[in-house]
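Structures follow.
Each of the next two complexes has chain A plus one more chain, namely chain B in the first and chain C in the second.
Here is the complex of A and B:
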């Protein structure tokens, strides 16, 4: 347990270091004089002259050596002082606070959906290995894995949004805007986890304790639910750790395609607009979300496997 | 007898493959898909004399099957056939170069870490852990922020992320082979490090590295097309498959097949590479 927490804390530190350093470099290499830019943003381009920009420069310490500026940049970061957006002028932390809610909804819905679709489809295939169903599921899973999330998102948008007109294709107004983006992500995730579940279930189904449970007269349902699913789900949960990369990357992509007002969408827009404080803030939030999801998977593993609890 | 003896140093999975199991059904299917695709991507542009950027406003959104435009045209009257061939070539070459840039240092550093151990190994492992702290796409996006729309940072970011997988697997496999009796025997016979690396470690790494390389190429194809589709990767009018899909989206109701074509090209390329890779152990 302590080891796990330490690992995740180290990961968080690495996220902050990478994002902070790259954002500082981004600010440093951005063409033009930052003091002029900030002064224009504060007082309006008409009110600005060299005296005012010099004042801003001195006030913000922009005339300091680069190392000092870097340390003060990282100091602000650690105190969650993320600055103001260069485009809207609003505090970054405020914007992120709004967007994070949407992103969490999307990520959690997709995650839960994938946990329903993937393992169930996989468990049935694992109980009947070699059957027609098993083979069809294999083809579906292999095919889905080769479709990038953005292509799947566009296909869904075209079929369910434009042709059938069942669901909205962009923006956010209610739960119906959540359906297509979360299914896009969930299917990609489920394609991977269903195969892991299938192999695990196949292994469990031939294990002595499983056969014994049958012999002692338990119903099929009890055998599968009590002795099968729990044991077979351990590799799936362990594998979820690897899937979190796909989930977080997918959130960025799918939000951008569906114009979903979350962090990933904001990150891509901030990059196009070269809004460095927003790039830093949104990247930090996504990185933080990644660490958080990884920790959740760690806890699920501990919960499922008592052996890990004793070891940790 | 000789044969099993010479295979003893190989990892179990690889030894099986060498015994005739390399060409699985999945791998054969992968070859069957990728050979015609690559022929289209590399021989196609030589045979097609249409410029993929040439616009013709008299022939906009012509459906596939037309005599002059076999695969139809897009919203600027550009030949879909030419754009697809050039796009597939661009995607494949970029992905291949990226994967190669990740693989060479990844494998060499992996061998170095396992062979030297100590501070070098710990430093490299820490470095790879730091890279993995963020999802790959986030790292690439942060680097892309320096110069959106250019291949330079995109390439650098992808290679920077993808080398880690090569490094990790190469390190673990090398460490395992280094402690095997065959390496010890070779060393006792007086052969040098160079001989051990080229004659024992390289062959042992070949199988897993081919698998990783095919996966990395597929990931790079997905990443480049995805980033182009969300307007931070390569930009129109470059015939990039992801950018083509998004460009054609507003014309979906008039020309649904034109969107499907670049989508199918990406799907088939990635599918073939994943099939070629075989199972990730």
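Here is the complex of A and C:
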């Protein structure tokens, strides 16, 4: 356990260094004049021109050699200073704190919802493979995974926001604003995890120990809960780590369409405006989050599977 | 242990799911109340808050009547005093004295003084913004007056002082380094909360010098997607929705709960041409290009309103610049072919024109942040192909247009240009078509008469004389076509049927929130 945490900590440091350097280099090598892009991000298209971008270039020292700028940024990072946004002028840590907060709310809610929907639906399908329910679930899962979050979001807004008027179409701040965006994300996640759970449960249900449990007279409920769920949830929990990628991808789209102020939205805008400190800050936060969540997944697997504990 | 953990986890998840179910059944009323049917005025607009500095997001705070400028534009499109009481220019036009209203208080209770105003204006002058384009040599306070000295007469000073980057803020708005930390203005609404980049919450200010706003609370949400904004209008989640897409206007017009207001605004989609290129160096070539464009078709299909076909640079709503007697920009592809032939362009084997071994192949740069621009570019590509002009479309960032202007690599650009940033179109015309052209205007165009007119217009205060000169300048732009106007623009706004006194400001300076009220 300690070894695992130490490894993950080292990985975290490596992620910080690699993500930081990569985002700096990628921003530097992108075509286009960064001073013009920053001026555009700050003052908008109607105000932005070469005269204003020259002022921005002078103010930010963008004409300094790249090595000087990189070392200065690395120096700040070592002192845990992520700098200030080149567009808004606010401290990056402050902006990320605010936006990461909203994203976490959205991502966690979506994740929890997907856990409620996906594995449960999948486990039932796995216990009755080939049934009508199993086939319908396959169809639903393929459908939900195939529909892009963008389309699903619009559909939800039209049905629950415009027609039924049960939920607000967009915005943020209240719990009711979380429902549609998190369901949009959750259904895509659940579609995949239900399939993983279904196959795992089908495998477990045909395993000798499962059949033996039945023969020795345990009730269906006891068999499924004691011998089925725990064994079948191992691949699902491992798969959850991979689903973070879908979550991050989905969050960017969903935040934009539901006018939700998250880190995906911030990252897209920061890249367009060449706001290097914000890009680095958000990339670091996301990279760190990946390491953290994968560590949680590893720890959960360790808890679930005694064989892994013995191996460790 | 693990099972217990999982069981607890599922219980929690179950509670959340149940909560979700309650939301969609029992909680309906509560949610709906939080949206539209309360007394908070909900606004949705695409404009995000990119920082509190007046030069960055001042337009939001001025449009929402949080912060105010010394001058503004009234409903008759005239520049009138707002925080100023009146203004006097010296005989030589080099010294302006602007006296201030006496009864103005900032939202934090500080009375507005000439010293505070002068400090704000000096700050705006030192930073990126329009004031730098004015020939200002000094801004100071004298008693209750602001004294602005100039290096040459400048008739547009009041219009420049109506620009959002010159909003007047209380000293408490700034930190020690002079950066804006909070917006403390003088307007009808005070800021309760700002959550960048998307939300602003306001409440009516009791001591506004012009009375008190009728609606107590306002909530602003930046919604970048046009589809989302349209649905917010339909669902009643927003009471005032700005910048509707043309398709949404058609959709919302049949909705009895929503009123749609549309105004033509001083914004023109135009083709910016590099006149140093052999394709555009002769006036007849530019006239031919213009004749090859079917503006009515573009306006009808892309903008969904054929009246927006730009027969000249300015729409009829800009009275001082529109000339009803001017020969219009026609669509006549046959005449375009003849003019191009006169200029020495002959069709090559594939139909594309050639002259001196050079093919008439042009790359036009445009950008997708205005979703209609790439569509217009595609229409142009097809229309110009008919007269033998090959157009390659490059959709990128709008920053590539000033960049291409600066390094001379730009051949042509499809842009949208607002003539109301300073609420006097002359400010933009002067910049775009003055000597040397500008990033968003003419490129390598030289016309001595136009330059003289612009120089005279800068200092002419007499309205009639100005109008005559402006019309003459518009005539030159129409004949010479340094840029080719394509379509004008509309600003469409959806408002809840519960709202009264809704009005669009074509100059986009004001949402007139203080005048709005709920229908009884």
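Of note:
Definition applied: the second predicted complex is superposed on the first by the 244 of 312 C-alpha atoms of A that agree within 3 Å, B and C clash if a C-alpha of one lies under 4 Å from a C-alpha of the other, contacts with A are read in each partner's own complex, and residues count from 1 in each chain.
We take it that a residue touches a chain if its C-beta (ideal position, glycine included) is under 8 Å from a C-beta of that chain, and two chains touch if they have at least 3 such contacts.
Fair warning: this is a prediction, and the values are worked out from it, not measured in the lab.
With both structures placed on the common chain, the touch criterion links A:212 to neither chain B nor chain C. Of the two partner chains, chain B is the only one that A:142 touches; chain C does not reach it.
When both complexes are overlaid on chain A, the residue A:52 reaches chain C alone and has no touch with chain B. By the touch criterion stated above, A:309 is placed in contact with neither chain B nor chain C.
In the overlay built on the shared chain, the residue A:18 is in contact with chain B alone; chain C does not reach it.
Of the two partner chains placed by superposition, only chain B is touched by A:283; chain C is not. In the superposed pair of complexes, A:165 makes contact with chain C only, with no contact to chain B.
Residue by residue along chain A, chain B and chain C are tallied for touches, and C comes out ahead. Looking at the shared chain after the overlay, A:88 reaches chain C, while chain B stays out of its contact range. In the superposition on chain A, contact is made by A:253 with chain B only, not with chain C. Shared contact residues of chain A, touching chain B in one structure and chain C in the other: 154, 158, 162, 256-257, 272. Against chain B, in their complex, chain A makes its touches with residues 10-11, 14-15, 17-19, 22-23, 25-26, 29, 142-143, 145-151, 154-155, 158, 162, 244-245, 248-249, 252-253, 256-257, 267-268, 270-272, 274, 276, 279, 283, 286-287, 290-291. By the touch rule above, chain A contacts chain C in their complex via residues 32-33, 36-37, 39-53, 55-56, 87-90, 95, 98, 109, 112-113, 115-116, 154, 157-158, 160-162, 165-176, 179, 183, 225-226, 229-230, 233, 256-259, 261, 265-266, 269, 272, 303-304.
Of all the residues in chain C, the ones that touch chain A in their complex are 1-3, 5-6, 9-10, 12-14, 16-17, 20, 23-24, 27-28, 30-32, 34-35, 44, 48, 50-53, 55-56, 128-130, 132, 179, 195-199, 221-225, 227-228, 231-232, 234-237, 369, 396-400, 402-403, 405-406, 417-418, 421, 438-440. Put simply, chain B touches chain A in their complex at residues 129-130, 133-139, 141-146, 148, 218, 222, 225-226, 229-232, 242, 245-246, 249, 252-253, 256, 259, 263, 266-267, 270-271, 274-275.
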